Every structure is written in C-alpha cells, then in structure tokens.
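In the two complexes below, chain A is the common chain; its partner is chain B in one and chain C in the other.
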Partner chain A sequence: MSKVVYWVSLSFAFFFLAAPLLIVLPLAFNDSSFLTYPMEGFTFRWFGVFFDTPPWLSSLANSFKVALGTTLAALLIGGLAAMGVMLLGRWGRIVMSALFVSPLVIPSVVLGVAMAYAFGRAGWGGGYLSLVFAHTILAAPLVFLAVTTSLMGLDPELDRAAASMGASRWRRFHTVTLPLAMPGFATGALFAFITSFDEVVVALFLSTPQTQTLPITLFSSLRDRLEPTIVVVALLLSIVSCLFILALNRLQRRGAGR
Partner chain B sequence: MTSLEIRKIDKFYGVHQALFDVSLSIGKGEFVTLLGPSGSGKTTLLKILAGFETVSGGEITLDGRNITELKPEARNFGLVFQGYALFPHMTVRENIAYPLKVRRMPRDAVATRVREMLDLVQLARFIDRKPSELSGGQQQRVALARALAFRPDVLLLDEPMSALDKKLRVDLQEELRQIHQTLGTTFINVTHDQEEAMHMSDRIAVMNHGRIEQFDTAFALYRHPGARFVAEFIGKSNIFPGELTREDGGSAIFRAEGMEMRLDAGSRTPGAADLMVRPEDVLLGTAPAAGRVNLPAEVLGSTYSGDRALYALKLASGRALSAYGAARSGVHPEGAQVFASFSPEDATLIG
Partner chain C sequence: MPKLKNSQIAALTLLALPVLVYLALYLAPLASIGRLSVDNGALSQRFPALSARFGETEAPDDAAAAALLTDLKAMARTERAEAGRLFNQELGGMRSLIIDTGGAATQIEPTLSALTAFDPRWGEPAIWEVVRRNVEPITWRHFQRATGLKPSAEGGFEMSPGDDVYLRILLRTFVIGLQVTALTLLIGYPLAYAAATGSRRVQAVVLMAVLLSFWTSLLVRTTAWVVLLQTNGLLNGLLMWLNLIPEPLQLIFNRFGAVVAMTHVLLPFAILPMINVMRTIPAAQTQASRSLGAGPVESFLRVYFPQSLRGVAVGGGTVFILALGFYVTPALTGGPGDQMLSYYIADFVRRGLNWGMAAVLSIFLLVCVVALLVSGALLRRAFGWSRSSAASGGTG
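The block that comes next holds the complex of A and B.
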C-alpha cells in the first residue's frame, strides 16, 4: 500500500512539477527563434541575447539589488522580532508571533494595491526603496519563523551556565545565543532572498521601467515577444534556486550534526 | 567560621509554598549535599543560591555580605548542571576559558589555567575536541573544570550524576571528592541519591516538602535520625510505634506491641515515640538470645547477595521486619520460625 502511494506521488511530482520544466529548458539552446520542438540545432545565441539586449541585464541587477536590500532589512526586523518575542511570556509570545507572521496570510494582490497607493501618496512610489520595503514585509515573517525555530531549540541552561560564569546579558547574547542561532539566521536569509528574487505580484504594482525586476521583465516579454531568451532566464533562475536549496540542505545538516 | 549563611528562606510560587523557613550554615570548604525526593524543594533552594530564583523571604549571606538580591553573574558561584550545559559551538579549551575571558584574564594566564583545570579532571588530551565528541562522563568533567576554572567562592552541583550510568557515577563521585579535597572550595550538591550523598558529603541536609528535616553528618543521620522521614529515606529501617514511660528512678522504658525494653532515652519526655532499628542490627537465631530484645518471627522470603541475605520477616504482631543475616552457612528457608533479636543500645528513639 505504502509502495503504491509512494509511486503515485512520485509520478505526480514528476509529471506536474518536473516534466514541464525539463521539456522547456532544452529550448534555451534551440537554434530557432520559436519555442518549438523538434530542435533545429544547438546554440548559445540566446544567452548572448540575454546579456546584450537592454532590459534583461539591468532587470537582473535590479532583482539582485532589491533582493539583497530585502534580505538585510528582513534579517534585521525578523531577527530582532524573533529575539524579542522569545523574551515574552506565554501569551505575549502567542499574540506577537501571530502578528509578526500575519503578512504571510494576506493575499499579495491586496498588499500590492495597498502599497502602490500608500507609496504613491508618500511620493516615493516605484523606487528601489518601495520595492525593498514591500518585499521586506513579505520576507520578514520567514526570517522570524526560521530564527524563532532555532532559538526555541536552544537549551535554556546554556544561558544560565554563561550567567553563572559571570557573563553579562549582552555578552551571553553575542557569545552564546547568537552563534547558536546562526543557522536560523542563515536559513531565514536564504528564504528572504528567494522570496524577493522571484516575487511577481507586488513588484508588478510597484516597479517602474527603471526598477523593473527580472520576474517582471520575464512576465512582460512573455506577452510581447515569445523567444528563447525567456527560457534562458528560466534556466538561470532555476540554477540560482537549486544552489539555494543545496545551501539550505547543507545548513540543515550542519544544524543536525551538533 | 561560617562562609555561607542561609537564613529563614521562604519561597512562594503563587499560593503554593515551595520552601518553608529554610536555614543552613555552611562552613568554608565544606561539602554539603541537599538530599530529598523530587518536589522536596532541593532544586528550588539551589536555584535560589545560584540567583536564578528570587526569595519570598529570608536572606543569604556570604562571609557576612548579603547576596540575596545579587544577579547570578555577580555571585562568583560555579554551577554544574545535570545536562552538562557545555557550549556546543566551542571546544573544550574555549568552554573552560569562557569564564576567564569574561573576567579579562591575560591570555597566557588563561592558557595556563585551562591546562591546570584539564589536568585536574584528567582530560588534557581532549583540549581541542568539541563537547559532542566526548562521552557523558567526560562532558560532565569538562563542565566541572569550567565551573571551577574561575575559582568560585562556592560550587553548586545540580544532580550532576543523574544522567550517567552507575559505574561512571561511582568513579565521578570519587573524583569529585578528591577535587574537593585538593581545592578546598565549598561544594553544595543536590541529589535524590542517598548513597551518593553519603559517599561524598561532609554534611547532608535532608529535605522534604520544602523543609529541612535534618542537617548533619551521614553517620548521625543514619544512626540518630531526628525524624521518621529521615530514618525511612536514608537506608533501610524498621520502625516500631510505641510509648515511652519513665520510672521513678529516671530510667526509661519503651513499650510497643510485643516488646518492652529499658533504654537510654536521654532527656526525652515520656509519651508516644517511634523506635528505629536498622536491619543490620537485627540478629536471626533459632533460639532467643540472652540480653537482647527477642521477637518471634516467620521468614517470608530472602534476597541472597553472596556476602549476606536480606530477610523479609513477619512478626507475631503481624508487622513486617527486615533484617540482614550472615549467609555463610545458607539462608533460613521460607516459612521458618526464627527469633529476631536486637540490643536496646542499637535502637534509636525518633520523634
């Protein structure tokens, strides 16, 4: 029985998740300007197009800028929130955790509209700052959850031991708590980066041609001119995601190894 | 010359009172154990001494200095935890150096002290290992070295052996005892293991329901328990409830079901009293023994352990009695009728 379930879920995962990707990815090397099989020849031409034609590279750079800014801001906000919440009592912890996690359950369309309106009113709509700000709201809960999880796993006696040896609260925090919660921060940072890097909905509302991120460029060129460059972008994004998953995996294994 | 003075400590958790009027005077360099069953308040008292819990009433002084309100980090007390509490991201060296770096000790002095402490616990070759690469016993010794590295005024041990197996426990007890003699630091150990308490401590405070029942040497606790709880908690005991009366001449007579004896009752006032007899003070024979209190009994069963046998007996009154018997020439069979006897000098009045 469990074997049947295993194979059924495996084949579903393959046909609905992996297969569409695997079918489309080889077209990045297709020597034709149409996204069709059979392939007409092997070429790196479309990679050249990606690196030479204007909106692509600049939007990749935009994505990186926004994602890095988001990662930093989310680490700061989510991390501080997680550490603050750990110091609260039971009920305070429940209420504050729910508040900090709440952006995850708000539909991003609603957030997008709200922010486009609010930032427009404030006069800094469309800039990097507005994108970073909006993405931080989406990413901070992920950092919060990752850091909370690793702080909860800490033995409270470690802090007491450090206190008994004369270490002040601040010293205990940065010599014991922080290093041991590091895997949580790293996991949170990765999640924050990915969240921002391939976020479409909110960016659609907020970005201007100058701050257009890669997913938005991808989205609009899907409508304007369907050519293999899109697949090149898809391939590059997939590789970035795979690298991140590998990194996460390593982090988890290091955490478990202790 | 008292070093640590605990005076009239009360501790409330809401309406629940965990400690009642606890007072102890602990001398400098003494090895004291707080012994009691779970829920007796021994761990609460230790946490109060460490500064992790506040008191509801009373005070603690160290060499005359009031430390009741002092934060844990300002007390200069070493602490060894049940779960070792070594820092997993630091090596053995870094763990032991931690309290020294906190105290801004110069680098070479730190290195020397770390070596010194590792030699003390015989773990010098593990200096660059991570705690996860050590066995439980080794980790606890590193924890001990770390807690002693900064020469604390008092070392507090919170059930340090309970996570270790029996053999290791005995070794570590011996080692702790030696380290205590070498350093002369005041040790306060918490345990529910009476054997551990008796092996290591100069004095033992027996705790029950948030109170100190008795604070004395292992010998005094065993031979002259001040309370029924102490008699029953420490070692095996037979307790006979009865009555003490005084004759005109002043000599005391104790009467219980099926027995009557003259004994030295000191200045004890007549009235209801319990008499305690340790099982090793009871002799078993097939005939009454002269000059002793004889009780006819039936053997219910015995546990043979080579050097001796522990008998479960039933007295004529229906009470149970336990007695150790020499087992050199075999044990008394089940159902045998014997005479259990003890000398009044070996019996102790309690309560």
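The block that comes next holds the complex of A and C.
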C-alpha cells in the first residue's frame, strides 16, 4: 500500500516536472497556426517566420551581444573579487563575500527600479552599456562563487612548493594558481552567459526597442497573442540551456578526473 | 611583518576595481531607492527660501510671504510656468495664481496682507497647505499612501477604510508565496526522496529532470504553461476529449494558473536542498528500525521523515523568499487579482513613472526578504544546522 502511494505520487510529481516542456516544445514543428494536438504535419516554416519577422532576429543578436559583454565584465569583476577575498583575514572575508554575493538575494524588480533610475540619471539609459552593467551585477556573484570554490579546492602545498623554489608572488600566481583555477573561471563564464541570456526582469526596465533582448521580445509577444513562433523561441532558448548543461557537465567531469 | 603587509596590498589592488564597480552600479542605485522614497519632486528644489521658512514654523505669516516672493523673483518666467503647472496638478487654479503673483512679485510688498490684497486666495489656509506640502524637501506621502496610515489630528495615526490597498497586496503576496511553497514541498518531496534513495537509474533520471528544469529559462517554462492552460489549450482539450468536462474551464489568468506555473518554476529550488539533506541520512537507520519491527510507514514517519525536515525547511524557505519577488510568471499567468507586489512596483515605473511609490514598495519587498533571510539564519543557528548543506540551493 505505501509502495503504491509512493509510486503514484512520484509519477505525478515527475510528470508535473517534466511533461510541460516535453508536450509544448514539439509544437514548434506543428503545421498549423493553432498550438494544439494532434499535430497536423511537420514543418520548419515557423522557424522561417522567426528569421524573417522583426524584431526576433535582431533581439537574438542583442541577447548575444549583451551576454558576451556581460560574460567578459563579470569574469573580470567576479574573478578579481574572488582572488582578492582569498587574501583577506577571517572577518574581511566574511564581510566582503557577503557584499559580492548579495545581488543574488535582492528581488530583481527592486534591482530593476534602482538601476533604471540611477543609470538614467547617469545618462546611460537604454543602451547596451546599461544592460551589460546591470547583467554584470547579476552575473558577477556567480563567477565569484565558482572561482572561490575552485581556489578553495587548491592544495596550498603547491603554492608553498613554488615559493620554496624561489618563484615570486606574481610568478606563482600566474604559473601555478591561475592555471589550476581555470575550471572555476570557465564555470563562472558559463553561469554569467546563461544568466544574462535568460534575464527578463531587469532588462524590462532598461532595454529600448533598439536594444531589446530575446526574452523581452518573447515576454511582450506572450502578452500580445499566442503564435507558433513563440514556441520556436522557447525551443531555441531551451537548446541554449541544454548546450549550457552539456558544457557544465564536461567541465565538472574534467575537474573530477584531475 | 612585511609578508602580511604585502598580501594586504595585493588584496587591496585586486579588490579595488570590483568594489568600485559594486559601489557605482549596485550600492549607489540601491541607495537612490531610499532617497526616491521620500523625494518630494521638482517643486521642493524651486522654493529654497520658503522651504527653509517652513522648516521653522508652518504658519503662513509675513516671513512666509516674503520667502515666497523671494523664491518667485529668483525664477525665470518659464520656471514659474512649470512650477504653476505642477501646483495645478495638486489643486486646480493654482497655475494662474503662481504665474500672476510671480509676474507682479517685484511690486508686491513682502507682507501677508499685501499678498492677500493682490490676490485674496493667498488668505486661504488650503492654498498655503498645498504650497507647504509641495515645497518641503522630503515627503512621507508615498509611505502614507503605501501603508494607508495618515497622521491624525490627535497626533497618532489613522487609517480610513479602503486605504489599505498596498497592505492587502502585501498580504496577497505572502498568501500566494505560502500556497506555492506548500505545493512545491508536497510535489518535490517524493522527487527528492527518489533522487536520494531510489535505484541508480531512478536517481539519474530524476536528477537529470530536476537539473534540466532548473537551468531552463523561467520564461520558457512560463511559456509552456501559457500554452497548456489557455482556454483552447492542451489541458482543456485533453479534459474535454476524456469527457471529464463539457466546456473549457478558465485555467489561466486566475489564481490557479499563477500558482501552478509558479510552483513548476520554483520546484527545483525546493528539491535540490531536500536531496542534499536526504543523501546524508544513512540507509542503515531505516533498515535497523525495520529489523526492530517497525512497518515501512512507521519507519518512514519516525526515523526518516524527521531527519529530512532540515531539507524541507531550507527548500521551503528558499522557495518562499524567491516567490515573494516574482514578477514575470504571475504577470503572464495570473489575473488582475493575483498580481504580487513586484507587479505594482514595475507598474508604477513603467506606466506612471511614479518613482516615489515604486521606491516605497521596493523597500517593503526588500525589508520582507532581508527579514526572512535573517530569521532563516537565526533559525539555522538555533537548530545547530550546518551551513554547508544548506547553502547549495542556488548553485545546483
């Protein structure tokens, strides 16, 4: 009896978790303008609509631009922060880590309001720059965490060994510590990219029609009316997420094999 | 100690840029929310003398009249027109009053009687009240509107019926947060249990599904629910095909749609901490209780379940805190009566450009989230729970 309860609740929960996307995403290939089953045939024409109808393609390009800029900036800021925090004493480390991680717990609407106002006053309003700035603050904590984790896992003996052989601080850093921490930077870069690429709320406050990213275009089309192109976009975004998970998996496996 | 000093210099060098960037792009914008919440708008900067006078006493007297005329004389004609327009939004007719008085400001003697002689409206306390309220450098009116509390004549606070709109929205935000938290825990528990104790294959499949869901864009998962729940959508189609319902049900743009979609989006945040805790519960304990004669249900309830509660608390807390700040999912799947605090914050900015109200509501939300985080940390300390297993919710 208890086994039955367990399997029924597990199946229901698993269905609830996995089914929505598995059911909806195939409709991107449905040869009908209604989003219903049974499918009326297999077609790529909604992908054509995506590539031909503005502003879908331009917002995809915007998303890539903003996400690449964010990845670079967040790697720099989060990486420097992680390496600097490692050199601090106990309390310095606690306080500075809390500061660097804190954007993760601030509701994104609050960050959106704050940044829209402050960036607007500073005269950066609406451009790519303001989006990259905002996404950098959202992504830097993830880079910080990833790099910190990999630096904490390093064997301090390696640094001491290099020092005993006369390597300077800087030489030790860039020939021993940095190469060993590389997987942390790579993981952080992936986190930063996907965070920016999928971000909706802050971008809603900051983007203009010229700089609007793919999630923003998807959000406004969802409010407007449902069409198969929306599912095409959802499918494309899911594929990016899957690529991200694959890359993350590879990184972790390489890290474990070391 | 030259070595310590060296590392301090290195730390400062490395941290200088990140700290500067955080200050400029993060802390300063957050601080501007605090200022916006009490900012009295453009008029407060135009009347420095009058504002200073009202700082001493609020009664309209000769000194106030003189200060008003000084300020008006200092303004250009276009500035007076703009000030008049802003005052007119507060009280009809004030535009002409400000412009006329300003135009003749050099000829009017700086006394209240001369001012009243020029225009009898300056004798009305209501006019002075509007002027005073608008030239003050800071205002509590956004806080008063958001809480519904107004200073009463007796010195305390009073609340008129119907003024508690935003408190009701805050309450609704908490209720939806609790509904979603309860559902994610109910649905997530068996999944976490399977991922921690099932056979290798079950573990792998469940964990893969959870991680895929975790890393799929929130907007994509919300899109799936919008497609599933529409009136002519897949779920209604299935239910009608099964002859369970005669006509389509309203499944979206109401509480049901909002709660179901939010539950799905937040499910991984409940499951991952539960898995982490459940993996630390030794299987030998359950086996031991079984060998001592407990049935499977009793063994689960008395041995396994109490130990898993730590994960339930961390997962539930994470979901609740995240749910409080939700905007996108309820905006797309809920109705007008199911929008949460974030929706109104965004609305004040996007539609009305009312930064003051957006700032006050942002402070409400921020205070709730920080209070919950702090009480969560205190609870964890009180129960002696370690940090390491609790902190992994966000990283997957």
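Note that in this section the second predicted complex is superposed on the first by the 245 of 258 C-alpha atoms of A that agree within 3 Å, B and C clash if a C-alpha of one lies under 4 Å from a C-alpha of the other, contacts with A are read in each partner's own complex, and residues count from 1 in each chain.
One rule holds for everything that comes next: a residue touches a chain if its C-beta (ideal position, glycine included) is under 8 Å from a C-beta of that chain, and two chains touch if they have at least 3 such contacts.
Keep in mind that this is a model prediction, so the values were computed, not measured.
Participant: Look at where chain B and chain C land on chain A after superposing the complexes, then choose clash or fit.
Facilitator: fit
Participant: Could you work out the angle between chain B and chain C as seen from chain A, using CA centres and rounding to the nearest 10 degrees?
Facilitator: Reported to the nearest 10, the angle reads 110 degrees.
Participant: So, does A:Leu145 touch the first partner chain B, the second partner chain C, both, or neither?
Facilitator: After superposition on chain A, A:Leu145 lies in contact with chain C alone.
Participant: Once chain A of both complexes is superposed, is A:Arg160 in touch with chain B (first), chain C (second), both, or neither?
Facilitator: So A:Arg160 only meets chain B here.
Participant: Quick check for you: in the superposed arrangement, does A:Met83 touch first (chain B), second (chain C), both or neither?
Facilitator: second
Participant: Going by the contact rule stated at the top, is it chain B or chain C that touches a larger number of residues on chain A?
Facilitator: C
Participant: Report for A:Tyr117: first if it touches chain B alone, second if chain C alone, otherwise both or neither.
Facilitator: second
Participant: By the touch definition at the top of the document, which applies to A:Ala61: first (chain B), second (chain C), both, or neither?
Facilitator: neither
Participant: Classify the contacts of A:Ile239 with the two partner chains as first (chain B alone), second (chain C alone), both, or neither.
Facilitator: Neither: A:Ile239 stays clear of chain B and chain C.
Participant: Examine A:Ile94 and indicate which partner it touches, taking first as chain B and second as chain C; both and neither are also allowed.
Facilitator: A:Ile94 contacts neither chain B nor chain C.
Participant: Across all Cα pairs of chain B and chain C, what is the smallest distance in the superposition, given in whole Å?
Facilitator: 8
Participant: On chain A, which stretch or stretches are contacted by chain B in one complex as well as by chain C in the other?
Facilitator: On chain A, no residue contacts both chain B in one structure and chain C in the other.
Participant: Which residues, counting only chain C, touch chain A once they are in their complex?
Facilitator: Touching chain A: residues 6-8, 10-15, 17-19, 21-22, 25-26, 28-30, 32-33, 36, 187-188, 190-191, 193-194, 206, 209-213, 215-228, 230, 232-234, 237, 264, 267, 296-297, 300, 321, 324-325, 327-328, 331-332, 342, 345-346, 349-350, 355, 358-359, 362, 365-366, 369, 373, 394-395 of chain C.
Participant: Taking the touch rule as given, give the residues of chain A at its contact with chain B in the complex, in rising order.
Facilitator: Result: residues 155, 157-158, 160-168, 171, 175-176, 179-180, 258 of chain A touch chain B.
Participant: Which of the residues in chain B end up touching chain A in this complex?
Facilitator: Touch list, chain B to chain A: 50-52, 71-79, 81, 83, 85-89, 98-99, 102-103, 132, 143, 146-147, 150, 156.
Participant: Using the touch definition from the top, list the residues of chain A that touch chain C in their complex.
Facilitator: It comes out as residues 2-3, 6, 9-10, 12-14, 16-18, 20-21, 23-25, 27, 34-37, 76-78, 80-81, 83-85, 87-88, 92, 96, 99-100, 103-119, 121, 133-134, 136-137, 140, 145, 169, 194, 198, 200-201, 204-205, 215, 218-219, 222-223, 226, 230-231, 233-234, 237-238, 241-242, 244-245.
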